[in-house]
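You will see subunit A twice below: alongside subunit B first, and alongside subunit C after that.
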Partner chain A sequence: MQKKIIKSFILLFIIFIIGVFFISLNKNSIYDTKGLVGQKITNVQLDHFSKNKMITEKNFKENEFTLINFWASWCAPCRDEHPILLKLNKEKNLKMLGVNFKDNKKNAKNFLIELGNPYDVLAVDNQGKQSINFGIYGIPESILINKDLIIIKKFIGPIFESDYEYIKSIVRKK
Partner chain B sequence: MLSNIGNTLLFLNILLGISLIYFLFQDLGNKGKLISKNIYHICLFQSTLIIICFFTLIAAFVVSDFSIITVYQNSHSLKPFFYKISGTWGNHEGSLLLWAIILTIFSYFFLLYSKSHLRDYRIYSLIVQNILILGFLFFLLFNSNPFSVILPVPQEGLGLNPILQDPALAIHPPLLYIGFVGSSIYFSAAISSLLINYDGRLFAKSIKNWVLISWSFQTLGILAGSIWAYYELGWGGFWFWDPVENASLLPWFAMTALLHSLMVLEKRNLFYFWVIILCLLTFILSVTGTFLVRSGILNSVHTFANDPSRGLYILVFLSLMIFASVILLFNKFKKSNYNLNPNSKETFILVNNWFMIFYLITVLLGTIYPIFTEVLTDYKVSVGPPFYNSVIIPIVILFLFFMSLGPQTQWIKNNSYNLNLMIKILIASILINFAIIFLFKSYSLISNFIIISALFLIIYSLRDLYNLFKKKKIDASRIVSHFAFGALVLFIGLNHNFSLEKDFNLKKGEKREFENYSVKFNNLQLEEFKNYKAVIGEFEINNSQNNLSRTLYPEIRIYQSPSTITYEASIRSGLLKDYYITMSNIDRSDYYNIKFQKKPFMIWIWISVIFISLGGFLRLFKNAKKNY
Partner chain C sequence: MKLKIIIYLILLNFNIVNAETNSIDSNNIFKNLRCLICQGQSVADSNSEFAQTIKLVVKDQIKNGKSESEIYDFLVEKYGEWIVYKPPFNKVNLLLWLLPYLAFVSGGVIIFLLFKKRFNN
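Moving on to the complex of A and B:
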């Protein structure tokens, strides 16, 4: 009898461990920007750059496509990609959300006055904490999402002409 | 083209595996004493095909055949030739293929080198081994196919993760896999032994070389991973108690316990079921480790892809293995009374096993505890070095003393201890420890105990070596491993206590001084390489005490494929100490964050581990000579 109890206990314990492993398989704990493609973004709460309001994922649902661009006035490559962002702004199906990353507000404003403002909506992430949720390593980085909030592509580093063509081909298909 | 060849070969291998199992069962019914020649031929054919299959994948990487997804995702035409090849196993699919190859080749070697053993025992072992091989081949073919194609064919590959482009990491997986997969042989043999109630001594003889092979390679594999972490991750440490590192350490503890208790089984025919449990446990832990790092449950550089179906497959495979072995064990288990003399080699080996199991449970708990709390309470915790250090380190002291005394005892009953010698060695260890404190610097009480116990083991081992030479015997394998383990603990202790770490910001032309050192930021330049661009800093380190000057060149590398930034430490290794500098840029300023470290005896830590594994190889050669 005692033997049987021990054996059953061992088997139950093994089943318990395997069960926990099984459940955790479906929990995604990976922090990997590559893996973000194809995933839905949730829990977005960004401060608006100038108004006292929050930008959430609901704001993206209104657009066919949204390009979220992380930038700062102190970042040199952001300057390089800026003309392309301005070109992208002309795309009908695409809305542009800029996230000003760890920046000085005044410098950011001057940057946009000097080079032009390609953004339909501008948010700010002073601490860089919200950007972590988007898997941002450093800036510039951009994320293209669709109406269903699924990430279609991530662009690490500045957006090049080839990326522009790619985004154009996607948003014009619609 | 290459994809078709690869898939065909994989498919053929599955057919061969199935036919092999069929012929093996058929052979069981035959009355002859020898295994039929057909089986040898199929095994040889199976091994040859899987090797060709692997070379097909290597060829695809070398010629950058981006029609194959694995190549497209993990290679790039500009990647250096060496990393094109190592990229073959630097990804999930390719590394699984490597598993399958080693499984298959080992299966063939087992067939070749077990001729002196009972036919049925060999046949059942091969059947189990081939079930494992089939499990992996099905996984490869249907879930993680390294030869899957992508259309349209991309012009260029995405590139291998830059931090995986490192020589130490290129050899790390093959070494570790020989360890992991080597344990499959004694898993299969243990199941077979249970099935036919094989004699314990003969069983021990048949698997001991396999245990030595897997243990020695596992040790080297862990070392290669650790060296990579030291050079590449840029943190200046060599062991971080990261769950993925732990996953390689868990089977190592089980193997080490097995290595020792196997001696008792061979010499005294004791601990049969315990040895069987350890055999089963080692391979189960190896597969568990693979599950943990591949399924995406743990986040690390080893998590190549986040595909739950992969984890599920390994989990199902693992569960079947565990249940089959546990139920078989329950059916066959017989309680035996050992009546060990407390003062005997057997008892000391048992004590070694207790220590190993203690370490195993500690590390296992620390590794899977966060997974459990997250699933059960939805609360994320992380178990870090403080837990492991506080649980493991104090026990190491006791362990080292037992490790010194164990080999001195005799089998069955030990007659007497040389108490006089023991006290002399202890006093010598204490004196050397105080000399270190007196000459250099004092350290914590626990460090005192660690260093004394390590010295105790080292001196005991040296004395054993001296006696061995006097008797003109050449079996130094145990002494080499034990001595090297003592040295490892000693150097880790000294490294921990004498390291110097400084973190500061500098811009070009500036200089920082502390203790006897000065670090000057001389220059900064941008260079373009074949597969990356690099910002290279030039730092001059001066030691005013001995007028030593060294120049180090840490880098910030920008890889295009895939776009990643890595921070490359610049390390000057010396016999006595390493100088280590990393630099990282600071947003919005021309200052760089500099991490300077002086790490004493680093090279001796690596050498100690090499010698630990050398002990295993020496014993293997000795056994080979005896022609087991």
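Moving on to the complex of A and C:
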């Protein structure tokens, strides 16, 4: 009887270990925060890019949807997504907030002069501290939020044509 | 007078000990945070942009009087449980926390049964 218990215990343990390895090895090991949707954004205190004023939650509440895009002139993928951001700027229900991340102001201005300015409001995050409040860990990153400041979707990396179609379908539903 | 000085010194000592235990060691927090863009490095080990920003934010939060657990909670809310090396005790992680204890107890039971068997023989 005891032998049977020990044997079955060892067998169960081996099955468990194999199961854990099987699940872990088949799982994507690259972590991202795409799944962190449905949260409310709070304590927003962004400096305006050119004016001496703060951008807070109040500014988001005025819009049906807001796309918060973290970018910099030194970021190559930001150039790739720029034409799509310009297209998104034409959407009625969507306001675009650009957050210039750890950048040189002059270079940032030149970047927008060269490629066009897709942003309705432009903020700056020189030290990157505010990016942590948005759960950003690399740029470009974009967050689509609604009127209630709830995160609908996170875009890690540049925005592609498929993302454009998705955003368009969401904001046009309203 | 001497007694007063001794009492004063004892109280002063207590205050110093309390201050030391209440102060939060930022390096300890950095060691418990995973650098999300690095391969197997903690925020303490990494010099990446992300790690540097996290360090600034953690220092700011300590300055603002946030406790260690409040800082972890804030970062878990923003980046998910993956950012902390020590997983929080909740329903999802229950097995992870209990398994070492279960293995320990089961091992003890097996050893006990084996000894009992030998003793009987």
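To be clear about the criterion, the second predicted complex is superposed on the first by the 139 of 174 C-alpha atoms of A that agree within 3 Å, B and C clash if a C-alpha of one lies under 4 Å from a C-alpha of the other, contacts with A are read in each partner's own complex, and residues count from 1 in each chain.
By our rule, contacts are C-beta pairs under 8 Å (C-beta built on N, C-alpha and C of every residue); 3 or more make two chains touch, one makes a residue touch a chain.
Quantities reported herein were computed from a predicted structural model and do not represent experimental measurements.
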item	value
Partner chain(s) touched by A:L25 [first = subunit B, second = subunit C, both, neither]	first
Between subunit B and subunit C, more extensive residue contact with subunit A	B
First (subunit B), second (subunit C), both or neither touched by A:S169	neither
Which of subunit B and subunit C A:L11 touches, first, second, both or neither	first
Subunit B versus subunit C as contact partner of A:Q127, first or second or both or neither	second
Touching partner for A:N52 - first (subunit B), second (subunit C), both, neither	neither
Contacts of A:G157 with subunit B and subunit C, given as first, second, both or neither	first
Subunit B versus subunit C as contact partner of A:K102, first or second or both or neither	both
Common ground on subunit A, meaning residues reached by subunit C in one complex and by subunit B in the other	31, 35, 102, 137-138
Subunit B - residues contacting subunit A, complex	291, 295-299, 303, 305-306, 308, 311-312, 315, 318-319, 322-323, 326, 330, 368, 371-372, 374-376, 562-565, 587-588
List of subunit C residues in touch with subunit A within their complex	36-37, 49-50, 52-54, 56-57, 60, 75, 77-80, 82, 106, 110, 113, 117
Subunit C-touching residues of subunit A, taken from the complex the two chains share	2, 5-6, 9, 31, 33, 35-36, 39, 102, 127-129, 131-135, 137-138
Partner subunit B, residues of subunit A touching it in the complex	7, 10-11, 14, 17-18, 20-32, 34-35, 72, 74, 102, 137-138, 156-157
